[in-house]
Every structure is written in C-alpha cells, then in structure tokens.
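Heads up, the thing below is written out as structure tokens.
Chain IDs A, B and C follow the sequence of writing; residue 1 opens each chain.
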C-alpha cells in the first residue's frame, strides 16, 4: 500500500524529461521533492495526474497496487489521487460550490444524489478553517482570485475530496508568509496514517511549515539524492550547484 | 365557424377583417397584407440574409390553428414570484392570473383594442423592421389578433416579472405571438415571454413581434426564452426604443426549434439612454440560430452593450450579424458589441458579422468576435478533481454561457435562464456521455 | 488641405535614376483605343499589343463576363454608379519600347518631394525599377545580379509572350476573371503591370519596385501583375502610385496575383496616394502553398473611392497569410478596404491588422472575410481593426464576416473606434505644439506600429504625408 513510481520515463514533443525516476510514498508519510528549475518537478506532478501532453515512455506508477497509467485523468482522481496545481485554472461561469459539488457527485454511485444541506455545511466549515470568505462559493472557479486565494482554494478542494495521496505542485509559489501558514495548516490538518503526501517545492521555506519525513532531490529527470529533512536545510545552504558533483542514485 | 374554414395556406389567402376591433386595426391588417404581397422573399443576394439558410423559409402548408382544438399549455413552471401569468395555446388565451399594481394595463390584444384603442394605436407596429424580415413582420401584422399589450403608467413599479407563455401545438400550425410593452416615465417592469411546444408542432411556425417602448427614466427588462420542439421554426422581430435616462435590458435564450431567427433593434433616442442586449444560444444536432442585431444610437451620450454567446454541438450552425450605428451628432456615445462562439464539434459552423457605422465623434465603440474550442486546460483541471469528461465539458460549456446570463443582474431571472440552459446542457451531455 | 500633397505620390523621387534622357511629358499617344468598350476595343488592343490568340480569347471572354456582371452596389457604395464606362479610354500607349532611364519629373511633384524632404540616397535601397508611363512600361531597370540569379522581372506583356510556359499556368488562376466585375474588366483590357518569377531557393535581398502613374485625363489604367515565388524563395515587392489631379474621374482597376510555392516568402508593399478624382478598384490575392507566407502591406491615401481587399488563400499546410493596412480618408474620399483570409489547409494562420483615419468628411470602411471550412484542424485567425475619427463629419464603418467550422480552430476579431483625446491634445499644446501639430503627432502615434512594417524609406515619407493630410484638419 503506497504510491509507487518505478523507473519512470516521460517525454513531451520528443524531449525526454523524466529519465528513470523511482519513488515510493507510503500512507502516513510526507515526502518532499526539491530540485532546480527544469529538473522535471512539475512534469512529475502532471504525469502522475495523467496530463495528456506527456508521453510515458517507460516505467510504472501504481497507487495501492492499482496501475495508475491505465486510468484516465478523472479515474485517477476518483481512485484517490489529488493534484494541487501550481497554476490552478480559471473556469469562467462555473461557481466554486458547483465545481466541488460536481467533483463530489462524481464519487457517488450512479443515481445517488448529494445531500445538499450536509454538503454546504461541510463546505462552509472548511472554508472557515482556511479563512476563505463564504461568498467565494458563488464566484467562478479561480476567476479573479489572487495567488493566495487560488492556493487556498486548492487546499479547500483537497479537504473536500479527502484523497488517499496528495501531490502538491509548488503550492508555496506566489504565497506570502501568512498565506503560507494558512495553507500549511490546512495540509497539516489532513495528515493522517492513511494518507500520503508528495510535496514538490523549489524552496526549503515550505518545509518549515509542512515537515517532511523524507526529502528527495530531483535533477535532470532523476532522483539524485534522498535523505531526511536535514537534506532540505543543506540544499538551502549550499544551493543546487553542489548537486553537479553528485551521481544519480542507481535505480 | 368550422375547423376548416379560412385555415388554408396563410401565405396565399388575404385575412379578412376582424369583428369587434377598431377600424384602424383592420386597416393595419390590410396594410400588412399589402406590404407582405409587395415585398420579395429573401434571397441569397440580400446582405441581411448573408450566410442564412433560406431552405428554412418553407411555409408550405402553413395554416392558422384550429380554434376548436384548445388545449393546456404544459410549459415551464416559471417563476415563484410573479406579478402576472398569462398563457396562450396557439394564440388563444387559456390562462390568466393577475396581481398587478393599480393603473397597469396588462391585457390580451383584442381586449386592449376594445378598451384602450387609442393607446394601442399610438405604439402598435410603428417602427420599421430593417434587419431582413420586414416581409414576415408584414405577414404578422396582417394576421395578428392575439398577444399581450402591457402598459405601465408613469411612476408605477411592477416589482415581480410578468410571465407570458406561448404554447405551440399541431402539424403545420402558424402562430403570431405579439408583445407590446410600454413603460411611462420612471416606471419599471419585467416581462418574460416563453415560446414552447410539444412534439406535435411539426413544421409549425411562430412569427413573433415584440415591440418595447421604454419611456423616460423607465426600466424595461424583457426575456424571450425559446424552447420549441426540434421540428418547429421561429422568426422573432423586435424593436426597442429607449428614451432619455431609460434602461432597457433584453435577453434571448435559444434552446429549441429547428431554426430560429431573431432580429433585434434597439434605438437609443435620448441622452443617458441605456440598452443591454444579451443572448445565449445552445445549438445541437442540425439546429440553426440566425441572429441579427442593430444598436442604433440616435442620441448623444447614450450607451449600449451587447453580449451574445453561442455554444455549438454536432452539425449545428449559428449566424450573428450585428451593427452599431452612431448617427450624425450622437456624440459621446459608448457602444459595445461582443459575440463569442464555443465550437464543441468538428461539424459545427459559426459565422459572425460584427459591424460598425460611425458618423459622430467623441464616441467609444468596439466590437469583438471570437470562435474558439473548449479550453483543454480547464477540462484537465476538472478531470483532475474526478469529474467525468462529459460532465467536465458540460460544466465548462455552461460556464461559458454564464457571462451573458449574469448580466441580467437579478437572481430570480438568472436562475430561471440558468435552469433552462442547464437542462439543455445536461440533455446534450447525457446523450454524448452514453455514446 | 494642401493640394500639392493630394496630388503627389510618395516615392517618385526615390526611384528616379537621374541620368539624362529625353522623356517628355504626355500627349504623343501613338496608339489610342479611343473611348468606350466593345469587342472592337478588345481587338484593337490585341492588335496593337500583338497578343497571342489565347490572350485574345481570354480578353473577349472577360468582356462578356464584365458586361454580364452587375455593379456590386448591393453591398458597396452607390458612388460606383457614377463611373461612365463609355467615356473612358481603355488603352493608350506611347508606343515606345521600355527605356532604361528617367529624366524629368513635373515641377509640382518635385515641389512636394521637396516638402517631404526625401533624401536622394534612398534610391540606394532599390534593386530594380519597373516604371509605367500610361499603359506601357516606360522604364525598366533590373540589376545584373537579379539576372544572374535567374530572376525574371519584366512587364506583363513581355511576360506572357516571352515566358508563356511560366506565366500562363498561373495567370488568372489566383483571381479568376469572374471574381468580380472589376477583375473581369481588367482581364478584358489589361496592359502593363509586372511579371516576376523568382527561381527555387533564390532570396532577393533588396525590394523590387515598380512605379506607376496616371497622367492622362479620363484614362483608365489596368495593370496586371503576376508574381511567382518558387519553392523556398523570398521576395519583397514595392508598389507606389501617384496621379496628378484632373477634373473628371479616372478609373484604375488593377489585378495582382501572387503565388508563393512551398516554403516561399512573398511580401507585397503598396503605398498609394491617388488624386481625389480617381476610382481605384483593385483586386489583389495571393496563394500560399505549404509553409509559405504571403504578406500584403498596404497604405491607402487619396482617391475618390478605393475598393481593395487583399486576400490570401492558404492552400498548403502551415501556410501563413497577413494583411497590414493603413487608410487615410479625407473630405471627398472613401477608403473601402479590408482583407480576405481563406483557410484551405490544416494549421494555417492568418493575421489582419487594419488602421484607418477619417479626416474632415472622409469615410473609411473595413470589410473583412475570414473563412475556415470544415474538416480542417488547427487554423487560427487574428483580426484587429481600429478606426480614428478626427472631425465631427468623419465617418467609419466596419463589416467583417467570419465563418468557422469545427472545434479545432480559434478566431479572434476586435475592432474599436476612437478619437484623439482632448486631454492629450491639451497636454501637447501646453508643451508648445500648435493644435495641428499636436493632432499630427497623435495620428502618427496611432499608426506608428504599422508604419514600422514599411521599409524605412517609405515609413519616413508616410509620416510626413500623414502630416500634410492633417494640415488644416483642426481649428
């Protein structure tokens, strides 16, 4: 029972991005992936979620034994995978409330309808927890939201959909320190022995608030180093340049 | 009167005079018939019919409804709060519920002609219909005997909407729904016309006229919700005149019919006149919607804004032709016009002709037209939340329409239109989803 | 309003090789088809020009088409009805063979160039000159290097006779005779114009240039230009027109056909400044094959009525089409211009940017057509048209038509109408500019991004020309 990525190779428009990446995130653990720009961090997030622009040319991704690569984007989500987007899309004309409701509805068996009263009660509770104004329920998804509001909205969706594994793609980018604390608080409240997290970030800062169990360094499409949370501090101090002397961990 | 009497092809036989109406009205019917005879059928060479599918102008066998075969309209349940509710079955009134402030005239045309002949005459079909269907407006004038006359006197505010249901039924039936709405100084009213039918309305026609006269400082909101069956066709021509300081808002929804053509003219006749023209069309199968608009700024310092949004599925077609005309001397005018098409299939076709004719200066005018496919990024985002692909597409397409609907700026009206739109999108989505 | 500005062109001084000759101004038409149009006129033209039989047949068929077609007044201006086809001379030639040099320019034109301050060294930009005096080319100068590369640059009469095997397969194919009434007229009576063929892979470094002029009263000019860029070749062609002012209307009705074969790039630049009595009814269209590019860059100033909608048929995958145009309509003038973009292959892209300025009681009209038919994928169009109104009596119209079929394309059309803001004028005047100068500056600012698309020597003159046109428009 884990999110297991084995020797993953992917390419886009003929360019290889991930070159044999392997990683295992068991439930209950928080794994952080750090790496310089262009190392393949966001590609990893999109490929795991099933973005159609990326071609998987080798390797496997399984979630609790289920082959994710066989599933469509939405099937992966319903199976329990959640991706918090680095750049959440604006969806004009679709309100936040309807959007999350549609996602919840999709998880119910055919013919079963959502209990609207219970749904709104839960939605408002979680919005309150994240400090999101209740009026946001009637606003179009992410349209006109600030960077911080978009990221809070991602965490709100995560809380409402209760996934088994969360992949967080640079959730800290564009956040000031107060927003970062709120977002991290939301994530921490969801930590549980049944749920695994893969937190992708460029900076160590986020990991002060979401404490990882393991830290992996991604460079040129491969994990080049893994360690405890101290590795993040070391990276912060030395910068990514010291990686150049590293040789990839054999997989 | 027998069922077969005088019902033969309405395009070939001159309608006789009506009993119990003022002479001027019968004269108007006669004049309409003469004009109908005199005007040519639209041809491919007419600019007003560019891109139009003239095949739909087939009136073969069109006949007036049988007055004996009255039935119930079984249309939308409508709004919870309303000031009045009037139902017509093939142009015959069969329901009336009024709860109006004193002084408001809200009468079927025949009764209005009896009781307020002069008032009706002052406004009845006084304008030109310059957007291509003058011939059909003339046919309407020759045959019209039904419809509503609504007059809201100076200073009177009708809080809740007046709903008018037009139900169309029967093979080859042709009806002539008419709505004439006049607001006095600083008056306010909202009127919703529903055009609906059951599937018996094969090759049936509705040739409707809606004329709106917004007096100084008044607010006139008008909605036309077209949800006819897939075998029916409709032409609707409308003239709106907006006086000084008045605001008119019109909204057209197309969800049904094989073919619908709407010609909407808004004439801004006084300073600070304001006109919003809105529309949402959801076209599927072989449906065709053909919309022609005219924002006519006759006065300085007037404002108009148009937003039409079309979503096209399957082999459907839409045509949008819009003209902003700013007259000589109509300075400091703001006029905007936007038509956006969302193409959901490879066979759908959207044509846009956004036009400007500007003869004044110190004006701010712009038009924009886009035709785009669905944004795959949005679809990915929704699917990444577990929403099934066909539902994701349904939500995004529906969301595309919302921009126009939300400009109604009235929760009850927005919800009403959204319920129609959502039902149509859902129907399309389920059909696609099960494929 | 400066009469001199109206009556002169933008670039006569640029391209004049000042070497001596004895080129005398008008009035020795050795061949003159007389007034009016009939099969006899056609035969007369064919006889004088010694046209091959296939051209004679082509002209006669075109005449029939012309006579059969109605005036397009259903959508176009009724002013077209004021053209009296019976008083126009359809063919006129001084009968001389094309010569190699220029001599004189009329004084009033010289004076305008003086005012425009066109520097002599701009001539250096020119690679070759094809000049036309009345109907026949009176001047022809093609640089040796072009000949060395195998570039053919002759007038269309020579083209159809001497290079029939290249000329004929494309002639009348991009723009069929019956495309419109005026393309039919041109097909019946054409004379002059250029024929250019650029061989495979040849990139012509300097723009080629033709110099057209009308200087005989009641005399229609019917140039016919055909340019073929073979695979992978590149060419920029410049065309400019001037016309002295006469009292009765003059008809100009050219047809320009461009062919860009696979990977070729062809750019056609026009600056025209007709006198205010000219009807300028031009049909221009290009075909772009796979990955080829056709660009029309167009500046229309002057004339009584100009109707011109350059088009690109994107026939091959990834072909590109572009129209960039500036129009300035002054009192008594109507600039009815636009663009036609026909997408006929996958992944084709087109771009239209049009800016018009209406001064005094001038009228500018934009008409556009964008067509993306069924079963294509990945086509894109972007259209922007902006109009600037200067005076109370100025007028502008916009009539685009966009048809898109299928869900794999995107089109975007935006148009706006605006004025020079009072605040901006106030600001500039406060800095010491006269109202007129301030207005000129503002107008130049409006078209500035498009003016940059013209070759440098043109853009400088364009700005000055706009300034001249703006004189007296305010106050």
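Everything that follows uses one rule, which is that a contact is a pair of C-beta atoms (placed from the backbone, for glycine too) under 8 Å apart; a residue touches a chain by one contact, two chains touch by 3 or more.
None of the values given here were measured: they were computed from a predicted structure.
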By number of contacting C-beta pairs, the most connected chains are B-C
Using CA atoms only, can you tell me which chain is the most central one in this structure? B
If you average the CA atoms of subunit B and of subunit C, how many Å lie between those two points? 45
Report the inter-centroid distance (CA atoms only) between subunit A and subunit B in whole Å. 48
Centre-of-Cα separation between subunit C and subunit A, whole angstrom: 58
Can you tell me which positions in subunit B touch subunit A when the two form their complex? 375-378, 380-389, 391-392, 395-396, 398-403, 406
Please give the residue numbers of subunit A that touch subunit B in the complex, ascending. 49-52, 72-74, 76-78, 83, 85, 88-94, 98-100, 102-103, 106-107, 140, 157, 161
Under the touch definition given earlier, write down the residues of subunit C that touch subunit B in their complex. 74-75, 374-375, 387, 389-419
Report the residues of subunit B in contact with subunit C in the complex, numbered from low to high. 45-47, 50-51, 328, 331, 341, 343-374
